[in-house]
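By letter and in written order, the chains are A, B, C and D; residue numbering begins at 1 in each of them.
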Amino acid sequence: MSSSDVILGQNQYGKAEVRVVRVNRETPVHELIDLNVSSMLRGDFNECYTSGDNTKVIATDTQKNTVYAFAKEHGISTPEHFLLLLGRHFTQSAEVSGGRWTAESYPWERIQVPGAAGELRAHEHSFVKSKQEIRTAALTIEDGVEHLLGGFSDLTVLKTTGSEFSGYPKDRYTTLPETQDRIMATDITTRWLFAAGTDAQATDFDAIYAQVKQIVLEQFALVHSLSLQQTLYAAGEAVLGAVEAIEDIRFVMPNNHHYVVDLSPFGLENPNEVFMAGDRPYGLMNASVMRKDAPSRPKAWEWLGGFC
Amino acid sequence: MSSSDVILGQNQYGKAEVRVVRVNRETPVHELIDLNVSSMLRGDFNECYTSGDNTKVIATDTQKNTVYAFAKEHGISTPEHFLLLLGRHFTQSAEVSGGRWTAESYPWERIQVPGAAGELRAHEHSFVKSKQEIRTAALTIEDGVEHLLGGFSDLTVLKTTGSEFSGYPKDRYTTLPETQDRIMATDITTRWLFAAGTDAQATDFDAIYAQVKQIVLEQFALVHSLSLQQTLYAAGEAVLGAVEAIEDIRFVMPNNHHYVVDLSPFGLENPNEVFMAGDRPYGLMNASVMRKDAPSRPKAWEWLGGFC
Amino acid sequence: MSSSDVILGQNQYGKAEVRVVRVNRETPVHELIDLNVSSMLRGDFNECYTSGDNTKVIATDTQKNTVYAFAKEHGISTPEHFLLLLGRHFTQSAEVSGGRWTAESYPWERIQVPGAAGELRAHEHSFVKSKQEIRTAALTIEDGVEHLLGGFSDLTVLKTTGSEFSGYPKDRYTTLPETQDRIMATDITTRWLFAAGTDAQATDFDAIYAQVKQIVLEQFALVHSLSLQQTLYAAGEAVLGAVEAIEDIRFVMPNNHHYVVDLSPFGLENPNEVFMAGDRPYGLMNASVMRKDAPSRPKAWEWLGGFC
Amino acid sequence: MSSSDVILGQNQYGKAEVRVVRVNRETPVHELIDLNVSSMLRGDFNECYTSGDNTKVIATDTQKNTVYAFAKEHGISTPEHFLLLLGRHFTQSAEVSGGRWTAESYPWERIQVPGAAGELRAHEHSFVKSKQEIRTAALTIEDGVEHLLGGFSDLTVLKTTGSEFSGYPKDRYTTLPETQDRIMATDITTRWLFAAGTDAQATDFDAIYAQVKQIVLEQFALVHSLSLQQTLYAAGEAVLGAVEAIEDIRFVMPNNHHYVVDLSPFGLENPNEVFMAGDRPYGLMNASVMRKDAPSRPKAWEWLGGFC
């Protein structure tokens, strides 16, 4: 084979995990936003790969600097707005045809301290990290088209009853007994695609985030579940029913198995009271719930993994 | 050297990370406790090591089974009470002279769902994991004496102002500029030693836990800090002032550095608004705050590492 | 919106991280293979999601059992062959239209012990884990077409010289100085796509694996690098030049920055001798190197993330 | 309680995880050493805690700078020698009465490339990270006395036969069947204490490291094991028999359980051929093997955790 038979295929490069903390100190009540930003650029970078010619390669260090400078110049209102600022900036460069930008956003709550009358009040500049879940945002720009995703990772939930699993096919390798009552537990990771025509400036991404999280928690709690898949679908359907701006919502949900411990060797019954929480293996569900008339937009998703 | 010149020194063995989830289903409002329990035994196990004679070795699998059986037989009221049950059980065996038992306890909150009148209410059997911190308990029994520790790990806090650092000695290798205003951030890990005479049955370990956590958060928020050490001491002093049953409280606190980004190359000022959150290296503080008249009880602490 | 406007989009489900260790004991010289296998099925599972009807849902527990049973019945010759066995088995079911199967394979080496004449020899049944990298395999079956990938993750390499970076564009946010001599370090993750017509039974996947690893290491060492991209491309080109059966090879390579420490405040020069190894941020490169005439097979890649 | 009843107990502070990479470029064959260094100081720091007076507090940033400056000024011959340099430097300060210094050392191997005659040769400046284990060193200085430990973490080994476990006591909670043939697997973490009179300058710490690692691997392979404890002791005894400079060696060894999968539901036998590698729980052994006449030196160990 001659080397002329080999070509550069799809490629992107950038700076990953730029940790930027932005404090708004305009009033004594400080605001805090805490992001982990990655910026990946696409374009005609062929010569960098084949001959080491970096003429078109915006240094990844420059991408990092831009994140910090923009945090000062423009502030950070929401992760989604900040990624749009970055993506639109970089795609103005002649070298850049598109890219992918992501952010993790770490939620912080104000520490509660005693107020004048002894009641608790939120402190002005002291915070405790929530960690319940990590908020995410992701932006693809390709051929001048923007695809914007909101989301969150690893919201861990468990219900001690109200979950069944039965009716599945039995083959030579099936040993699982059917159950009408089990623990169901998962770490909910989800991303939602904003409809193509969404006006970002007019969109309250924080409010949508809070709304989606609450809907997903409610559905998990309230649906009597015949399978984790059914719960997933109910959550997606409820989100689409409530939030006009979302056209497709996808989930990655492990089934965090809790095994009923056999206590009969010790002369004890165990009516779903004592469980062993397993690590591996675990069930795993990936699915999209979408509007029937939503356009196909695979570019929004395919580079993320796990959501296809 | 002949092998008779070699002896077995200190030793212990057991089962680590037994994941036990206990559901109380006595009423439709289920209770959930979620622990990671380890059990390590000490005793005269010399022959196991030197000749492979296991006559005295309570199998680690038996220790695991005991955890699950006790969860059913006795329930789990608090991590501290459960460790006392285990420790007292195992030290009844002739083979066992003492041991160390630990638990991590993962906090879960009830999911909020709409109530009859539209207001939110706590769901009966659906939970979301808090993750703000991990609660810990540790018990040493040696020579018939019990040493019981409560605690928590990795409560992450940050204040955007109200922290200084100056006045330190300058030597050839000092370059750090003094500062009157910086971000202070840490992951608080702490363990507290219950006084020797504590009556475990009469002690509300859950209430003490909640109280210590709130005091530590408040002190972090309210103390104008001249160093992370000063904040640590203030937290310890406040805990000892409020909780009679604690005689020694120790902290492991990293200083999670947040660096002010130099934006001057871009013609921008940065008056403590944009920070880079660093990973490594980080400052690290370990210290004990104790009652002046507390007895010396090194056995409670020395096997845990980081707290000496 | 009525719920009839909502549909189930792409979906898959299965069992993740089935840890299977297979020992071949046919002779006193035991063979060991250590895999982490995941199995994800696709098909018409709509009713499971929308109504909780599990009639077509092959339980994930059954998938797990199949992994273990097949390990006994068929043995595990290579990760690639084992995934083909699993994928072809599951896609025989009427319910299943396709799926994705992955394996991590952990390399073990025989422990060296003294032989009869004092020289070291490989022990028959005692092993030490290599950990230098993790071998991977991935199989997509969709519409009756198989896409098979070999690969490895996190082969960490570093060169102390022979790496430059200069000639990149300078904009308002550029501060990086050009360099003719730097440390270059990365964790090489790569996957390679076997050509569509590959006869799996006739292919020595272990030999190809060893060959690709050696080529990639050599190119990293021998290429005087003007950018990490150039090194990546050289490695891909060399692999395609040497291994006929591969038609597309993709890389994910972070640029693990090593910063020259400024020792001038201490009156010391630092001619690239003392470095701080950074954690975050890091550069990141994703790229494909492929044969010019290779068919487009996005299904092989898009669900993996990071490789598009 | 008045605050005068509260005192500062044991305490230390410093800089953790200083990542220093040192390249020796004196010849074209570069040498590479890659450390993660922590420095913790003890002394009379009472006023820093109680009043925020930092007059005696050597800034943790200064400690970090010292690590980098010393790497240039003195080079890094071995982790042990480097810690001695640091510890002796800091304890010269009037403020400092002692401290603890630790290092992780990451092994790198030279990449093998084709030589002139086609045979493989070691490259001059290109390396691949070994990862088989992490080398460690730890130094305590207290009251003018030095305690120096060598060691390594997480050397993962497995034997497919030659391991039994039986003869243990049976109580109400015992269900484990006895076995004459099982997989034994562990991650060996060990630290060894150099005898008090050891002349560090005359000691070849690298040679001792290589020797201990080889002995431990050999004993694991060659001892027919009646328990993991027996294997541990045999390894310790062999090390003490071979290395005069070591007076006490301690191990932390999990028992990484491999469960024989029950294939009988599928009509298959499983004579120790197919195993499920478990995650949690796991057995855990900690023990010291020491010379009978070794002096008691608890200060060397107690702050490390897990080794007491």
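Quick notes
In this section, a contact is a pair of C-beta atoms (placed from the backbone, for glycine too) under 8 Å apart; a residue touches a chain by one contact, two chains touch by 3 or more.
Source: prediction; values computed, not measured.
Judged by shared residue numbers over all numbers used at their interface, chain C and chain D contact each other through mostly the same positions, with over half in common. Distance from the centre of chain A peaks at D, each centre being the average of the chain's Cα atoms.
With centres defined as mean CA coordinates, chain C is found 23 Å away from chain A. Rounded to a whole number, the gap between the C-alpha centres of chain B and chain C is 38 angstrom. For the pair chain C and chain D, the distance between mean C-alpha positions equals 30 Å.
Residues of chain C found to touch two or more other chains are 19, 65, 69, 173, 175, 265-266, 279-280. Within the complex formed with chain D, the chain B residues making contact are 1, 3-19, 36, 38, 40, 45, 48-62, 64-66, 69, 95, 165-169, 171, 173-176, 225-227, 229-230, 232-233, 236-237, 240-241, 244, 248, 250, 254-255, 280-293, 298, 302-306, 308.
Every residue of chain A that touches chain D in the complex is listed here, in rising order: 172-173, 175, 265-266, 279-280. Across the complex, chain B meets chain A through its residues 19-25, 30, 32, 34, 65, 68-69, 71-73, 108, 111-114, 123, 125-132, 155-162, 183, 214, 217-218, 220-222, 258, 261, 263, 265-266, 268-279.
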